[in-house]
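First the structure, then my questions, so here it is.
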Amino acid sequence: MIQTILSQAVEAARPAAELGQTATYIPELGKMDKHHLGACVFTREGERCCAGDTDVRFSIQSISKVISLAAALELCGYDTVFERVGMEPSGEAFNAMGKLEAVGSTPSNPMINAGAIAVDSYLEPKISFEEMLSFTRKLCMDPQIVLDEKVYHSEMSHISRNRAIAYLLENTGVIRSDVERTLDFYVRMCSLSITAESLAGLGLVLAGDGVHPATGERLLSPDTVRVVKTIMLTCGMYDGSGTFAVQVGIPSKSGVGGGILSVVDGRMGIGIFGPALDGKGNSVAGIQVLRTLSRELHLHIFDPSEHR
Amino acid sequence: MIQTILSQAVEAARPAAELGQTATYIPELGKMDKHHLGACVFTREGERCCAGDTDVRFSIQSISKVISLAAALELCGYDTVFERVGMEPSGEAFNAMGKLEAVGSTPSNPMINAGAIAVDSYLEPKISFEEMLSFTRKLCMDPQIVLDEKVYHSEMSHISRNRAIAYLLENTGVIRSDVERTLDFYVRMCSLSITAESLAGLGLVLAGDGVHPATGERLLSPDTVRVVKTIMLTCGMYDGSGTFAVQVGIPSKSGVGGGILSVVDGRMGIGIFGPALDGKGNSVAGIQVLRTLSRELHLHIFDPSEHR
Amino acid sequence: MIQTILSQAVEAARPAAELGQTATYIPELGKMDKHHLGACVFTREGERCCAGDTDVRFSIQSISKVISLAAALELCGYDTVFERVGMEPSGEAFNAMGKLEAVGSTPSNPMINAGAIAVDSYLEPKISFEEMLSFTRKLCMDPQIVLDEKVYHSEMSHISRNRAIAYLLENTGVIRSDVERTLDFYVRMCSLSITAESLAGLGLVLAGDGVHPATGERLLSPDTVRVVKTIMLTCGMYDGSGTFAVQVGIPSKSGVGGGILSVVDGRMGIGIFGPALDGKGNSVAGIQVLRTLSRELHLHIFDPSEHR
Amino acid sequence: MIQTILSQAVEAARPAAELGQTATYIPELGKMDKHHLGACVFTREGERCCAGDTDVRFSIQSISKVISLAAALELCGYDTVFERVGMEPSGEAFNAMGKLEAVGSTPSNPMINAGAIAVDSYLEPKISFEEMLSFTRKLCMDPQIVLDEKVYHSEMSHISRNRAIAYLLENTGVIRSDVERTLDFYVRMCSLSITAESLAGLGLVLAGDGVHPATGERLLSPDTVRVVKTIMLTCGMYDGSGTFAVQVGIPSKSGVGGGILSVVDGRMGIGIFGPALDGKGNSVAGIQVLRTLSRELHLHIFDPSEHR
């Protein structure tokens, strides 16, 4: 039944890609075919449903912020991470910088660039990128994940804005380790090459509070997962997070590579790939797929069917 | 068991009131005794637990925004309400006005003053204040709720900021009905006199998706309740909403009268009264009570115990 | 020689009107013919040169801020006026409101709406509108100036934004007298009907430090005139004031009715009428006339020819 | 007579230093003795009056922005300089960064850090620092000016904020040459070691429209000097520029090293050194000296005595 609904949802959403555009701020991302659309659902019962372009590799981009946050909570601890990074939705566009200055010295949350760069500055001294890559493969249940060298180099040659953010964070004392090393780590994490299936795998681990469903191995602590899911819910869809919470109601994180990671708590992980973005930086067709799934499968956190 | 945990939580939180202050922007609110603290839990199974000052009447203030939003969704419809009011957390202080101008013409969400005044402007032509009072009594399962004339007059004589907001909304086309009538309606709704028990009653109706637990009467549609709960979760605790979502994880709405309305979806309604406020306008001791209850009773929306 | 240069400057600037638009935020102003262009120069030696549509009556709009400021300095004193209004250029658009909130409680300067409304609130209790009208006629050496009832009513029915500003100022304690009376006074002053000749007359009085050139009567104190001219120079052309100072270098004040009042200190008053406005709210063709006059007649405050 | 007034003004202003603090954002600047106070007046008639600590060397800091702007206007041309830098007062604090983002991509003016760094990015490819040093010595009529290595290194090790600004400018396309070279050039110019006499010398050249008074050599074109003086007047005293224009009315530029450069057009150059700063970053006692000189010597641009 999930497979049928999923396939129909993907087909119904395909035309929506026409309304969006691939990301343009990094040339390499602009080369994607905006008509790609794929969606996977992995349930805790072991069901695996896929529809559309679910094995096409694309750039993880901002979805890596979820992995970095989780790793930082594990390795550095909640208090260190949130000493100088907030947990409040910013209400700002995905590329905003001004607010950092306006409110003083603290990035609003770890899902915006400023917050993620700060989190990476705490994480980078404790773990190498290679270790993060291994950890990501495990979390996503996908050993094929690699660094996309072209995206990495494209992004490093368009790094001015993030470099500006990072030095501003150094100036305000939020970053206290090496800025250039932090930026390199941040860009590497953004340049991982994944599929919609990788995201469904990651979502499934988060839906199960951090335990690998196949091996039973605990990859993340329950507290880490609770924090991550809450922040995904309030801040995960850029400045469309509030509307998405009302209309879809599934903790999610999107990236300008076209991916969306969604976690139906206790039930399933969902991975989406649809590189045509709306004005807020979210996959147009992907959001439509998730709206359908939420409605048809009663996935909204406050769906009334749960209580009856 | 709930009663024991509740009583202990209230007693443990009492000293926290020293850290806060009663609201000062309306003289009448400043007269409250900041040492009051009370909390009620009404469960869907019919259990009613109370601890502390749960029958002291106080001013509902911003919590009325939840009732107005619910009523507007029922009477005017989702599309009308959200045509010119957003659903995004504003990341702004509870008395902020600047952002309205910054982002153009649309209030961020119905939980900030600008958004609530806009919602009231759609609602006021459709329903009289007396009818709203009756509706509120029903929702709160409290026939004693009345307009506090002193608070109403105190607030009307300190209305400059809200009047400025309202005329700005008229200027940007968000408000199209009579501004002064809207303001009067808004202030009357803010001046309702309630108890912690009233809030627990209201919370219980929302926890049950809009059905009165005793009579079985449907007071609100499931869709209305879903929207209201989601917006409470993302925007209900002023600019502390994100942190509260991570740490407590219960859809809630606070008011500067010291109240907090909390909804544990499918399970219970919680009402709090503690007029000592923190810098964000939320009850200091009230938040502490809710943190304890969330932890001890596993009430967080993403509490892992739910899945095992 | 001035007459020749003036006539040529006006003719050369006429086509520039095509680049602008008449003001649209008040319907009555939108009805003006945007092809009007007129300019007058009155020198301290008694020369009176006019070119173009210099006897067409139009709405003084923001240029009245200069008269209100001068009157307030005379009647209330420098300290009262600047206790809660600043003297800093705001760098904001002519209809901006956000910054008032951002910087706290003080309007940046008396040339923006917020500052002018504040100044009028100090002035209004001390002088009636009828007395202000008489005073304006004297300053402008034009007994024909009247209130344009149509503009006044048009503006009063589109007052939301200024009403919002005024109540915000009441909220922050900048305005302490009756808000509605202040607004009425403010709008009446904006609705005076003048000509380019009126402005040249006013400019001549200011160029002469406050003395009527014909009668020798002192209308304003030298200190008042010095303050007014300086604020015109730094804040008089909305958020184009800095560029205008560099390129033209003559203390000036524009209005969205199409007028520009200019004061060549110690030498002449200039009045312009050209209702086609640029994006900043300044007369497009008017600025071009002033650039030509400044260059040809060496009117820039820092023109080198003065020193040789 | 100037000497007497100057000496009295300096002595009267000495106690004001108690109200200020030396700059703290660079450790090396914080080491200055805040009780220093000196002032020089060099007139076009050849008079040279000095009072107080006029031969103490101190850091030029932001006053170098005037020299860089003048050099850029000469070497790159007005159009290049102002293609991507504005001429509007920003109304922002001297260390503000947020507004750059708010208004898009263009620094408000060349007197704020963002604008000066942009100007230096146009200048640096055309002239070496050593040539700028020679040019500065000529303009200031002071062959002793050197780079203060301690200040240079102190500033380079606290460069995060300016580096952030520079990369943001690269991101928005305002800077198109090498960012790190630009920053080094900018910091070197800020680290020049001067005296109050150097500033009086520079002011005298500007007062004479760019001609060296002793040699008659033209160092700057009249157009360059006109632009520079106007921007000093509207933007030279950080976010106190408007008030200073009203109260003192002399084109000036201050630096956090405690210096003030003032130009009385056609008459004299004034140099001030008083390292105790007010909250806006301007010399407290220095401003007081200038207020006295302006009043006693009738130096205000709109001083009425000029016309009689």
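Observations
Chains: A, B, C and D, in written order; residue numbering restarts at 1 for each.
Note that in this section a residue touches a chain if its C-beta (ideal position, glycine included) is under 8 Å from a C-beta of that chain, and two chains touch if they have at least 3 such contacts.
No experiment lies behind these values; they were computed from the predicted model shown.
Relative to chain A, the most remote chain by averaged C-alpha coordinates is C. We define each chain's centre as the mean of its Cα atoms; on that basis chain C and chain D are separated by 31 Å. Here the CA centre of chain B is 54 Å from the CA centre of chain D.
Among the residues of chain D, none is in touch with two or more other chains. Across the whole structure, chains are in contact as follows: A-B, A-D, B-C, C-D. Against chain C, the residues of chain D that register as touching in their complex are 44, 86-92, 99, 108-109, 208-209, 222, 225-227, 229-231, 233-235, 239-243, 245-246, 249, 251, 265-266, 300-304, 306-307. If you check the complex, the residues on chain B that touch chain C are 96-98, 101-102, 160-161, 163-168, 170-171, 179.
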